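There are structures below to look over.
Paired with chain B in one complex and with chain C in the other, chain A is shared by the two complexes that follow.
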Partner chain A sequence: MSEISAPTKPGRWRQLAASPGGRAFLALLLVFLVGVLGNADGAFFKIGTHRDALRQASVYGILACGLTLVIISGGIDLSVGSVLALVAVGGAKMAIHWGWSGWLVVPAGLGIGAICGGLAGWITARLRVQPFIATLALMVLARGAAKYASGGMKISTAVKNEAGGYGYVDVPALFRAVDARILGGNLSMVTVIFLTCLALAWLVLAKHRWGRQLYAIGGNEEASRLSGVPVVWAKVGAYVASGIFAGVAGLCQAAQEQQGDPEAGVGYELTAIAMVVIGGTSLMGGRGGMGLTLLGVLTIGYLDKILSINAVPEAGRLMLTGVIIVVAVLTQRRKRS
Partner chain B sequence: MKPNTASLLTLALLGCGTIFWNGCSDSTSSSTGGSAKSDPKERGFTIGMSQCNLGEPWRVQMNEDVRNAAAKRPNLKVVFKDAQNDTLKQRSHVEEFISSKVDLLLISPKEAQPLTEPVTKAMEAGIPVIVLDRALLGDKFTCFIGANNKKIGKAAGEWVVKSLGGHGNVVELMGLQTSTPGQDRHSGFLEGIAESEIKIIFSADMKWLEPDARKEMESALSRFDKIDLVYGHNDPGAHGAYLAAKAAGRTGIKFVGIDALPQEGVAYVNQGILDATLQYPTGGAEAIDAALKILKGESVPKEIVLGTRLFEKSNVARGGEELK
Partner chain C sequence: MGMNREPQITTGVTSEPPLVRLTGITKRFGAVTVLKDVQFEVVAGEVHVLAGENGAGKSTLMKILAGIHTDFEGRIEYSGRAARPRSPLEASALGVAVIHQELSLIGAMSVADNIFLGRAPTRGGFVQDARQQAEAGHWIRQLGLDLDVQEPVERFPIALQQLIEIAKALSQQARVLVMDEPTSALNAPEVEKLFTLIAVLKQRGCGIVYISHKMEEIARIADRITVLRDGAWIGMAKAKELPQRKFIQWMVGRDLGEQFPRRAPHPGAVRLRLENVAVFPDGRSGPPAARGITFQVRAGEILGVGGLQGSGASQLFLGLFGAYGTPVEGRVWLDGRERRFSSPAHAIEAGLVLLTNDRKATGLVLSLSIIANTTLAGLRQMCRAGWRRPAAERTAAEHGARSLHLRAASLELEAGALSGGNQQKVALAKWLQTNPQVLLLDEPTRGIDVAAKREIYQLMDEWTARGMAIVMITSELPELLTLSDRIVVLHRGALAAEFSRAQATPEAILRAAMGQSREPENS
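Let's turn to the complex of A and B:
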């Protein structure tokens, strides 16, 4: 094919456009170009803008890490936004109302996420309910549980006392630590958490046997089963991982809002799925990777930030985002040989 | 054998889930006890309260206000139903209240058009109706109680003019601009600052959501070095902006919000996070007052427009100050 042609400039571009990673990179470059052109009086060139864009994208990015594992195995997880809210409410309750230390809140929060993911994975893999339906049910169930646990109110530092008034407690140290900045205030801690999640998921997918099993299952589940892949366990594991990542995202969300909001994360699953797909991971399963997801997260995250610093009205934002997603996905489509 | 135990367990789990689920909605619908069909001999009054959506803290507060006001009166029972933001569900709730013959119907409708007819049927069945917050079409109800977002937006604008001395740079974080409250809080604010030299240098639709408000505020901060005040269309919006400014190490910015729920806006003013918040009253307590008058056969005005209260550092301990 054209890869063999002499490395002239157009040849190199074609080479770049031939791999999914290259195409996702081109989409990101396009968004950056939009940012340079619409730089909002130079705001786009300030380091703070980039720190904020990355901070804003991090919670979605953490969800996208788990979703990548599930999607590569040929599944889908619609429950992540609701699980995020449930863990945000639970985490806020433990950290603010009950005064638990971070060393307890984090494992407990991730445990809630793991249980939710395990439930979804088990219903999907063991009982063979379609993942769309199983995780849709869990999405509703977890949202209800979040509302129930919070009594419909945000769990904030204003705590109701017996007299019916409100007393105030400090923002827990865990929340302060997660919402902090490092490197002279130029990098948000949540971004570090996102990158850590990304690295862990990359290790699993690229280096571990379990990761290879997920690719195999996504490619052809029946063939994998026949060749001895523990399909059920590998799939349940992917949903558990997705639930745990949603738990991480929930704690990050609560820390940044300094409260647990039962309405948090509505619609986040769709943004996170869009990030995974724009990167080039196939919704049919079997193809994709964490590097691609990183590119997808950056593409949508930066697009959002650029529209925001330019104060583009909401209607325009939605239409532009829709157009860019379509363009990015179209460039991802490749002819099957 | 194995798959059987597995599926049984799942069924059991799902069953638990359903019971748990129903448990939640039951607890909201009968929290003041019993069904609507009470014994007419021990004559108390039963009020049916149809809430359109308990997903918003403000509406949870409205129910709370109704509940607290009703608890102070003997022989008054309120049955709550939550339509979970579903118009047709609310419609059937109204029909259920009619068939269970409540003495009075309190409704905070989700939308006007589809709920006007069911409410008319209640009136025809001889049940007086108090409409809260959002209006219905026509005049087939006993009494409407609501606040005026435009007035409150204007009051916010006037407070901003006063506290900035008539000039300054303002960031406006707007509620959903396809919703009437969002539009009114914006146009009212413009009216309030019309005569001054206050400039809105950045405005964005944060859709009532705190994370979005924080994101938009970060953009405003990276674009403008001098911001004097942030006007959020709700308190969570102003709070999100405060967190963004604090994280950026920017000081000297004032924050104003609207709604003044006890655990949100008022708490934020108490904690020194917001400089001011204006109450958007729920009307829950006023509704019970009006309901009792109606049930005793006294007359009430067709429309009761609620005032607002200003909460700021100097008066928050006293419970705010009423604005006329």
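Let's turn to the complex of A and C:
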């Protein structure tokens, strides 16, 4: 992340465009330029705009952290959006209906995520089912589980009382803490959680043996296996991590909405994958990193915010985002000699 | 199986020009000359065997004939008319078809679709299925086969698929068929079927270029034999007039004088011992790739393993290394202790490592740096509580690079950016870093230049002097003969012969590798 310095000469621009990180940085810069030009009467220069842009990108960003690990190992995880919903429902049920404290809800929620991830990893790495298929199946299964656990209803603070009517209970302390703002209201707690997840994933990838193993497996699984790398465990670990991050995202989502919605997170996996890929992490595995994912998260997050403050309707926003993803991925494509 | 092997046209005496004649063919890859003034021809109705060791230039010559290599010196005549195919498509239009070792059929598509792939009869853009099936059936029957052309190709055994490929070649009006080791995947009855078909093709006036390492096959079907060696034309003779001894001399008779001088070994204790080992790559239900293997290697020794394609030597190495996920059948001792390795990690930990024969596919992670590749196998020991120590990694990689004379601008470079020789050194550095006692080296010098080869020989000499034991597979006879202290030869998964350094001759090794009797000269 720190290797990016402000370029001053045209030659440096070319140099910058030569690396995936540089290209992702240029894409982000371009988005900012659009923001500055179309600043919606100065709204872009208000700190609250940036706080909200980061807040809205954070849940996707947390998913992207886990996905980066999986994608670098040569896999893919389509189940994260559904796991998010399952954990959101479960977390809401535990915190609102059962009145559990945050000290119980958080480990339980992340545990649900870990189990889902472990299942996906086991099917993929051990039973050798293609990760696309295995996690697609889990995506459906977890969505079903979320609907089953919630009875198809949103788990909200409106709770049925003994008389048969509905009464409102307090928003659980955990949800209020996660949805809070800090630094004089200028930074959302979910953004802090996202950055913490990012830092953890960065530590794994850049500093830990496991991270090196994931790069090696993504680069050449057979050569890694023949070098004594515990391929199955390393891959299962990546999916477990992805499931845990999806669990974190689920609790954040529930806290922000103050309810557990079984329909939450539909399509989030695709946005998060787009963020990872726009950053320049290769879908073929073996190359990429968390710094790139941060750039990708900011690019898509800010793009969406800038379009929305300029009152571009949702239809236009979606179409434009699609175009930008294609352009960004085309520029990220490695040129082969 | 009654088959007619009488050629209808007596070879070499017709007044008709040959189907193909190549003269003065010279081919260079950069500064390396791989073919020097080579000549070759095929006449109608003959099987012309093209023989030579690995690297002799056979496939390069055939690639020129098939329009794959277009940049060469020399002249090609097709039925007397000079032409230079500039693409495989042009060569095919000139009547040349190559039946590759790896089939080029599409498994899920039907026989008829495969035969007419890319040139299906159409009307208004729609494939005329009935017509295509009728025509495909015609070509299949021409080969004396009876099969449903609507079935997907993958339903048929590999031998039939090969015949379907031949039908495809015939349907393209091919007159010259190049068969590159066509029997490598076939069992005995299938080989008979192929030979029957070859007789049919000869009668139809086709000429067949047959590349094979198998003596008995060559003796059975060759009409004429051309031998290449180190890219040069050595000789051409009618099969009946070429005694086997002379044939083998033609193939191996090279000057071994200036090869690497191996120091006299000082064998120590037995490091690796195998007793009656069998390897099952596809699990116990599948056929063994090697069986009944018994040998031992001492500290300080290099044991050479000779054998041709399909000898099972590489699978034996993979099995010993635990790469198939189960221990081999039989007994294995490492430094006097009986061991059963069910994963490479176990073998590495015990001091047994394997350099695979394909560094790009199974040796290196090309997208990772030299440092990451060098430390990949020993990463566990190098980490502290799981956290990597970049300084220690760099030191280890620097040490490896220095002792292996690795030439790279930076150790941060991706392994994929290195030359073949330097990539091989990175793969070796990875294994040395784990402090092995026994090195299994599968083709350690494949595809690297002469200077790098010599350096690797030098290193192998040094390592054995330090007490390591090396078992080395190589398909290059000079390498086998100069480096090995002892040599075992495998033929179709079984030990065919064992030689001491003094006993070993190129002829004896090749004879054993081709499945000839053990000591025919003594009898």
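Operating definition for what follows: the second predicted complex is superposed on the first by the 327 of 337 C-alpha atoms of A that agree within 3 Å, B and C clash if a C-alpha of one lies under 4 Å from a C-alpha of the other, contacts with A are read in each partner's own complex, and residues count from 1 in each chain.
The rule is simple: a residue touches a chain if its C-beta (ideal position, glycine included) is under 8 Å from a C-beta of that chain, and two chains touch if they have at least 3 such contacts.
Computed from a predicted structure; not experimentally measured.
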Exercise. For the overlay on chain A, clash or fit between chain B and chain C?
Worked result: fit
Exercise. Just chain B (first), just chain C (second), both, or neither: which does A:Arg225 touch?
Worked result: second
Exercise. With both structures placed on chain A, which of the two partners, chain B or chain C, ends up touching more residues of chain A?
Worked result: B
For this session: Once the structures are superposed on A, label A:Arg209 by its partner contacts, choosing first (chain B), second (chain C), both or neither.
Result: second
For this session: Report for A:Arg287: first if it touches chain B alone, second if chain C alone, otherwise both or neither.
Result: second
For this session: Check whether A:Thr157 is in contact with chain B, with chain C, with both or with neither, and answer first, second, both or neither.
Result: first
For this session: Report, please, how wide the angle is at the C-alpha centre of chain A between chain B and chain C, in steps of 10 degrees.
Result: 120
For this session: May I ask you to decide whether A:Pro107 touches chain B, chain C, both, or neither, giving the answer as first, second, both or neither?
Result: neither
Seminar exercise, completed: After fitting on chain A, the minimum C-alpha spacing between chain B and chain C in angstrom comes out at 11
Seminar exercise, completed: Residues on chain A touched by both chain B and chain C none
Seminar exercise, completed: Per the touch rule above, chain C residues touching chain A in the complex are 321, 323, 343-345, 348-349, 354, 356, 361-368, 372, 376-377, 379-380, 383, 386-388, 430
Problem set entry | Residue ranges of chain B touching chain A (in the complex, touch as defined) | 3, 6-7, 10, 13, 17, 20-21, 24, 54-57, 60, 177, 202-205, 207, 210-211, 214-216, 218-219, 221-223, 236, 240, 243, 247-249, 262-264, 266-267, 270-271
Exercise. In their shared complex, at which residues does chain A touch chain B?
Worked result: 40-41, 43, 46, 48-49, 52, 55-56, 119, 122-123, 126-127, 141, 144-145, 147-148, 151-154, 156-158, 160, 166, 168, 179, 181, 185, 253, 256-258, 261, 263-264, 304-305, 308-309, 311, 313-314
Seminar exercise, completed: Listed in rising order, the residues of chain A that touch chain C in the complex are 207-213, 215-216, 218-220, 222-230, 286-287
